[in-house]
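In what follows, subunit A forms one complex with subunit B and a second complex with subunit C.
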Partner chain A sequence: MKLNIEGLLVYFPYDYIYPEQYSYMLELKRTLDAKGHGVLEMPSGTGKTISLLSLIIAYQRAFPLEVTKLIYCSRTVPEIEKVIEELRKLMEFYSKETGESNNFLALALSSRKNLCIHPEILHANIVVYSYHYLLDPKIADLVSKELAKKSVVVFDEAHNIDNVCIDSMSVNITRRTLDRCQNNVDTLQNTIHKIKETDAAKLREEYRRLVEGLKEANVARETDIYLANPVLPDEILQEAVPGTIRTAEHFVGFLRRFLEYLKSRLRVQHVVQESAPQFLKDIFDKVCIDRKPLRFCAERLQSLLRTLEIADIADFSAVTLISNFATLVSTYSQGFTIIIEPFEDRTPTIANPVLHFSCMDPSIAIKPVFQRFQSVIITSGTLSPLDIYPRILDFRPVTMASFTMTLARTCLCPLIVGRGNDQVALSSKFETREDFAVIRNYGNLLLEMSAIVPDGIVAFFTSYVYMENIVASWYEQGILENIQRNKLIFIETQDAAETSMALEKYQEACENGRGAILLSVARGKVSEGIDFVHHFGRAVIMFGVPYVYTQSRILKARLEYLRDQFQIRENDFLTFDAMRHAAQCVGRAIRGKTDYGLMIFADKRYARADKRGKLPRWIQEHINDGSLNLTVDEAVQLAKHFLRQMAQPFRQEDQLGLSLLTLEQLQSEEMLQKITQIAHQT
Partner chain B sequence: MDDQGCPRCKTTKYRNPSLKLMVNVCGHTLCENCVEMLFVRGSGNCVQCDTPLRKSNFRVQLFEDPTVDKEVEIRKKVLKIYNKRDFDFPSLREYNDYLEQVEDIVYNLTNNIDVENTKLRMEQYQRENRDLIQRNKATLTREQEELEELLLLEQQGNEQRRLEVLQEEQRQLQAKRKNKQALLDELEQSQLPATILLAQHKVRAAQLETQIEQQKQTVKPTNLFSTGIHMRQTVSLMAVPKVEEVLYHYKPLQVKTYGPPVPELEQLGRLGYLNHVRAAMPQDTAGGYTSALACHRAVQDAFSGLFPPKG
Partner chain C sequence: MDEEPERAKRWEGGYERTWEVLKEDESGSLKATVEEILFQSKRKRCVYVCVCVLIMRHLYVVIDCSRSMEDQDLKPNRLTSTLKLMEAFVDEYFDQNPISQVCLHRNPKKHIAALKKAVDTVCVGEPSLYNSLNQALQSLKHMPGHTSREILIILSSLTTCDPANIYELIKTLKSLKVRVSVIGLSAEVRVCTVLTRETGGLYHVILDESHFKELLMMHVKPPPASSSSECSLIRMGFPQHTVAALTDQDAKPSFSMSHLDSSSGPGLSLGGYFCPQCHAKYTELPVECKVCGLTLVSAPHLARSFHHLFPLQAFVESPLEELQGDRYCQACQGELKDKSIFTCTSCHSVFCVECDVFIHDTLHCCPCCIHSQVTPL
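Our next item is the complex of A and B:
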């Protein structure tokens, strides 16, 4: 259908539209008009992708000078494929309606097989790739250099974007890395020696270029300032390489000294936590390495590798990692911390020294993106509470909106089970993890659910260790046997092959009617990527609140930093993180308006206002006061009632006019009024 | 490092856990016991390269590669002499050239290339730049002290803030507890009906909550979006028309009087006008008043009252 959104003609490739899709496109258009950034939360399975694409492409066609490119960033390759499918449908619709073949070029960069070629990117209107190509400073330099300012960047499934930013700027160095780096440095030295005897002109040429301060030919730009490497601020990039590392031999000696210093630091017997300036001071005291040459380390290494015409760059990954680390530690004085641990917390007897250089401030990696592009949209199904994202990513959006699902029949049933049948409070709190009664009640809950819920149930635990403990207890208590009489049980492990096998068999069991239960972990692979549509996931049970491991030193440093810089309480942040994972997990079961599912939160802490308030709006709406703090029996009653209702036939005509609209219904007055109420601004 | 051993007696850390390896200026290692034994007379020759060495030059090895130890020692000595900073040079290029020179010297000394010449060059440089070296040494120590003070202050600041936040949380917990206790006490003692007491309690609890919420929301107040647009500003897409105007040029005021010109403020004293004016009191001069000001005003008045001559 062809829509008119505040004067903009939008081609939408389906005949029916959801009211929230229209509302979403409205908000999006307003954000683009204001040339600002936006944070939009829309529930999963409501056609977010196609709304985004159709609106932004229509905007591009109407104002080709305002928005020159659309950069769509997604997390995984399957998601990128889905986007390309939708795009293809949209393009077909366009050519059918307008009769002319449009000259839109869309490029998808997914893996090494489909790498980009610079000139093509310049001409493309739409580029689809993964977050890392824009956020990771080492890759962004190569891939995203030529992107113009007047582009719209969309981060889809961006609820974890702060973790992506932090990971892209963090470096972990183990003893093995240093040993490999030593080999690399020795190889470099030998190669330099050999080249000096055969073809010394190359090294001389490189030296001359460094003295003159000339940049490589494909690095210099005349037109637009390219996406500045966030590792190095602009002024530094223009400076010449310092004299201490000009010649190749001096540079190799420099690397050797730095490497030896790192080896000596890894030999500590106790945990050390330092800030970046302290680390630099120590480096200077011990090996007389100054801050400035460290900054240019990465660049100098690249230049050397190119001059020596090393064919296989992958062999030198260790020394590249160390040079990146050197550049990062010398550029940023705030927002990073260095933690050296002689062994991991969980295995104190095995000596495994590791140096964690962790970024505590996700805004450092994403700041160039916000500054450079005129409109950045962050969207996902679970972004609550919305105001935390602008605070931790340090940007000011013009729109922050959360959309609900309009439903003809209430297809989700969130229940909070806080007590067992014997009134024992259910919780995954650390103190109650070994409690026999709690484990028995959890088992009882799963048993009852397996008897009444058809097809597949997915259960999420807070950690692998916890899951293993509980399953072992259930086995001893005989609960597993009873459950297996109703459904088959599959379990996710840390091994990828086993998990995919388990997943496959689970799906087979759901298909042929035997029914199955999948036990998995809230931060595992299953919860991040797999959708459980229709009969694959009729109920999702969240055992406990999925807090992250709170004793890790890196986490503690990060919480302290957040408290000092952004005045975010530690408790608030931990709760926010736990709730977004919980919301992600339960959101796996609903993928569309004809799908239905039970969402069971099995922990008494979910009933508290601070946790409930952090669930996305489209889930919170359906929690009424009567479904907080249920016992297992009451939950089973409500579930039975809900499932029987959902099993009634539901046709598309039932939805029309309420949650599914044709063009005429869309344009009626009351509908437009209702639509304005859907968006909830914060 | 643990599998290295002393090249002479071949003991490793496995056999002797308290083994310490020492390095000398030639870059070769020896364990502590061997050093004691061989250098009992204070000086001797290196086992591997036969250079004459002194016992006092042995230092504990910090790094796995003894050549790095040697290089670091040499570098520290060289940098004590060659301690010019970047502001001592007129251009960045010259500073970089100087740095390269220093690197060459260290490289030569470490790899025993051309040692004599290098040493001569160093001595010459030292003689030429003696006072500059002294001055730079002083600034360097001063800067390091300042840096250490800053770091200390920062750490103290962090500690303070952490304690404050903890105390704040404690206070809030206590306030909540007191509120609950107050409710129980009132129910026990007061004459009012229970519903009113409960309502009051609810109101107080809500107030506490809002207080806590407000404290959490100490967001930096801004009125600018990331792109530079002001909040609540409607952005128009039309360009603002450019207005060209003549630049203003200041011309001092000229008053035409008939008759002789008015004397300037500074000349009044000399010409004797001030003798007929009341002198300024100390309170007056504090505010900036001088008697010349009043006099000048009166004189201007008088002169502007003159009429043009007849005829």
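Our next item is the complex of A and C:
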């Protein structure tokens, strides 16, 4: 159908449209008009992707000078493929409607097997790829630096974007890394020797270039050709490479010294935590390495690798990593911390020293993106509370909106189970974690649910350790045996192959009527990215609140940083983080309007306003006061009723006019009135 | 529409939130309720179309007797409640389809007796959809092609323990044109959805006991025939009922053939139906003659099955305001109060919605049309 969105003609490749899609496009258009950034939350399964694509492409066609390119970032390869599929549909619709062959070029960077290196791709109108191509400085430099300024960047499924940013800027160095780096340096040395004998002029030429400084890079940045690389801050470009590392041999010697220093640091017996300036002072005292040459390390290495004409850069990943670390540690005095741990917490007897150079400020990695591109859209099914993202990513959005799901029948049923039948409070909090009564009641909940929920149930625990304890205890109490009469039990483990096997068998059991339960872990592989549509997930049970492991030193440092820099209290951030993972977990069950599922929060803490208020609006609005602190029995009664209601025949006609609209229905005055209420501005 | 019968004593009811039902109106159209959707489908069933149906049916009813039948959400428990409704179903079924069979028997009394006995069954273990379907299939596949092959499963459990891949069996069922319908007592199970969709049956899940009854009665009506089903002529006997006068000294009491294998019931009787082919005596019709295999029916039986072939035309619905003259329903003589009225297409009599449903579901003929045919005499 053809839509008119505030004067913009939008081609929409389906005959029906959800009201929230229309509302979403409205907000999106306003964001593009204002040339600003936006944060938009809309439930999964309501057609976010196609709304985004239709509107932005229509915008691109209408104002070719305002918006030249769409950069669509998603998380995983299957998601990227889904985007491409929708895009293909849209393009077919365009060529059918307008009659002209389309002159749009779209490019997807998914995996190496689909890679094309034709120069034309630089002019593609739409680029679809993974986050890392834009955020990770190592890859962004190769792929994204030539993207035009007038692009619209979309981060889909962006609820974890801060963690992606942090990961992309953090460096972990182990003994193995250093050994490999040592090999790299040796290879470099040999190559330099060889070249010196055959082609000394080349090295001299490089030297001359370095004296002149990195002017080229500077010119490029000023003329606005490249996306800024956060590893290579502006100041470096103004200066020439310091004399100490200008010649190739000197640089290699410099790297050796740096390497030896790192090795000595890894020989610690106790945990060391220090800031970047402390680290720099220490390195100066011990091996007389100044801050300045360290800052040029990454650029100098790139130059050397180019000069030596080394084809396979992947072999030199270790030395690249170390030189990136050197540049980062000497550039940013804030936002990073260095933690050296001689062993892992779980295995205190095995020496396995790791140097964590950990980024605590996600805004460092994403800053160039916000600065460079005129519109950046952050969107996902679960982004609540919306206002925290602009704060931790340090940007100012022009639109922030949360959309609800219009439903012809209430197809989701969130229940908060706070008590067992014996009135024991259910909670996964630390003090009651070992409590026998809580574990038994949790078991009872799962047992009762396994008897009334058809096909598949997915249960999430807060951690692997907690899951192991509980399952062992259930086994001893004979609860597992009782559950197995109703359903088969599958368990997610840390082994990826084992888990995918379990998942496959789980789906088979759901398919042939035996019924199955999948026990998995929040933040695990299953909780992110695997959908349990229809019968694969009729109920999700969340045992406890999935707080992150708070004893980790990296986390503690980050919390401290957030408090000092962004005035976000530790507790607020931890709750926010726990609730977004809980929302992700329970959101696995509802993947569309014809789907239905129970969402059971089994912890009394969910009933509190500070937890509940952080759930996405489309879940929150279905939690009524009556379902806040239920016992297991009450939950079972409600669930039974819900499942019977949902099993009644449901056809497309029932949705029409309410949650599914034709063009005429959309244009009615009354409906437009209603649509304005869908978006909830913050 | 009509008042729901009091299902159980209030204190026997489960944990219910009666106050929440009241909220549905004010929350507006965003939260359209399931009840409304159900009402729509009820209205839809009032549309009567003339379809070709199979009037000779072979129906297997499978009742789940697994552990979950002990559940007390139907009173007193699922099993007892199911069996009680099944008795009504069997009665109704034979009333509407006299020449059909349930589990290869024609005699409703036998079924009811068996159902009564089953009340005391202790429900244990898990059910197997595969085994029950397979067993039913073994007998159904020998049925002639002009009859329908149907299986109705009352499934309470949400799990099934199968010895083999059920999807293979579904393929077999489909190829043998067996129509499988399922009534679920607890929730929607995926495999049943697939099973019924593939075999062309119906799948419903009950809301409560009255809904359960409604769903069961839906299976009384014969299913539409597929175009590929065979047609054939069947020999039938129409025996006359002969009554011997008690005063007649020559009359000798004799045994009915149908009582040969059952010990209960009256043994000797005077009159009865005699097979026109071999003169075997039966006290009840319809029956298949034990001696010569002839199907014995009476004309009214055939007529009752017949109405499925020629259903009464749907009445025309129109708003009450358009009606001229007296506002009385021609059937119940009550005042017409509802928004819409129903008019018979042939005699133009006006009926209320309750009478419309009653005429189509039970009478199968318009009382006014018949009345006008009778008057000239």
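Rule of thumb we're sticking to: the second predicted complex is superposed on the first by the 659 of 682 C-alpha atoms of A that agree within 3 Å, B and C clash if a C-alpha of one lies under 4 Å from a C-alpha of the other, contacts with A are read in each partner's own complex, and residues count from 1 in each chain.
The criterion applied here is as follows: a contact is a pair of C-beta atoms (placed from the backbone, for glycine too) under 8 Å apart; a residue touches a chain by one contact, two chains touch by 3 or more.
The structure presented is a predicted model; accordingly, all values stated were derived computationally and were not measured.
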item	value
Fit or clash between subunit C and subunit B when superposed on subunit A	fit
Partner chain in contact with A:Ser317 - subunit B first, subunit C second, else both or neither	neither
Touching partner for A:Gly253 - first (subunit B), second (subunit C), both, neither	first
Touched partner set for A:Phe370, first subunit B, second subunit C, both or neither	first
Touched partner set for A:Gln484, first subunit B, second subunit C, both or neither	neither
Contacts of A:Gln645 with subunit B and subunit C, given as first, second, both or neither	second
Touched partner set for A:Asp633, first subunit B, second subunit C, both or neither	second
Touching partner for A:Arg396 - first (subunit B), second (subunit C), both, neither	first
Smallest distance from any CA atom of subunit C to any CA atom of subunit B, in Å, after fitting	26
Intersection of subunit A interface sets (partners subunit B, subunit C)	none
Partner subunit A, residues of subunit B touching it in the complex	1, 62-65, 68, 71-72, 75-76, 79, 92-93, 95-103, 107, 147, 151, 158, 161-162, 165, 216, 218-219, 222, 224-227, 229, 231, 235
Subunit A residues touching subunit C - in the complex, by the definition given at the top	406-410, 451-455, 485-487, 510-515, 534-535, 538, 626, 633-634, 637-638, 640, 643-650, 654, 658
Touching residues on subunit A, where the partner in the complex is subunit B	34-37, 211, 213, 239-244, 246-247, 249-250, 253, 256-257, 260-261, 263-264, 267, 277-278, 281, 286-288, 370-371, 374, 391, 395-398, 560, 563-564, 567, 569, 572
Subunit C residues touching subunit A - in the complex, by the definition given at the top	14-17, 20, 29-34, 37-38, 40-41, 67-68, 73, 126, 129, 158-162, 165-167, 184, 186-192, 204-207
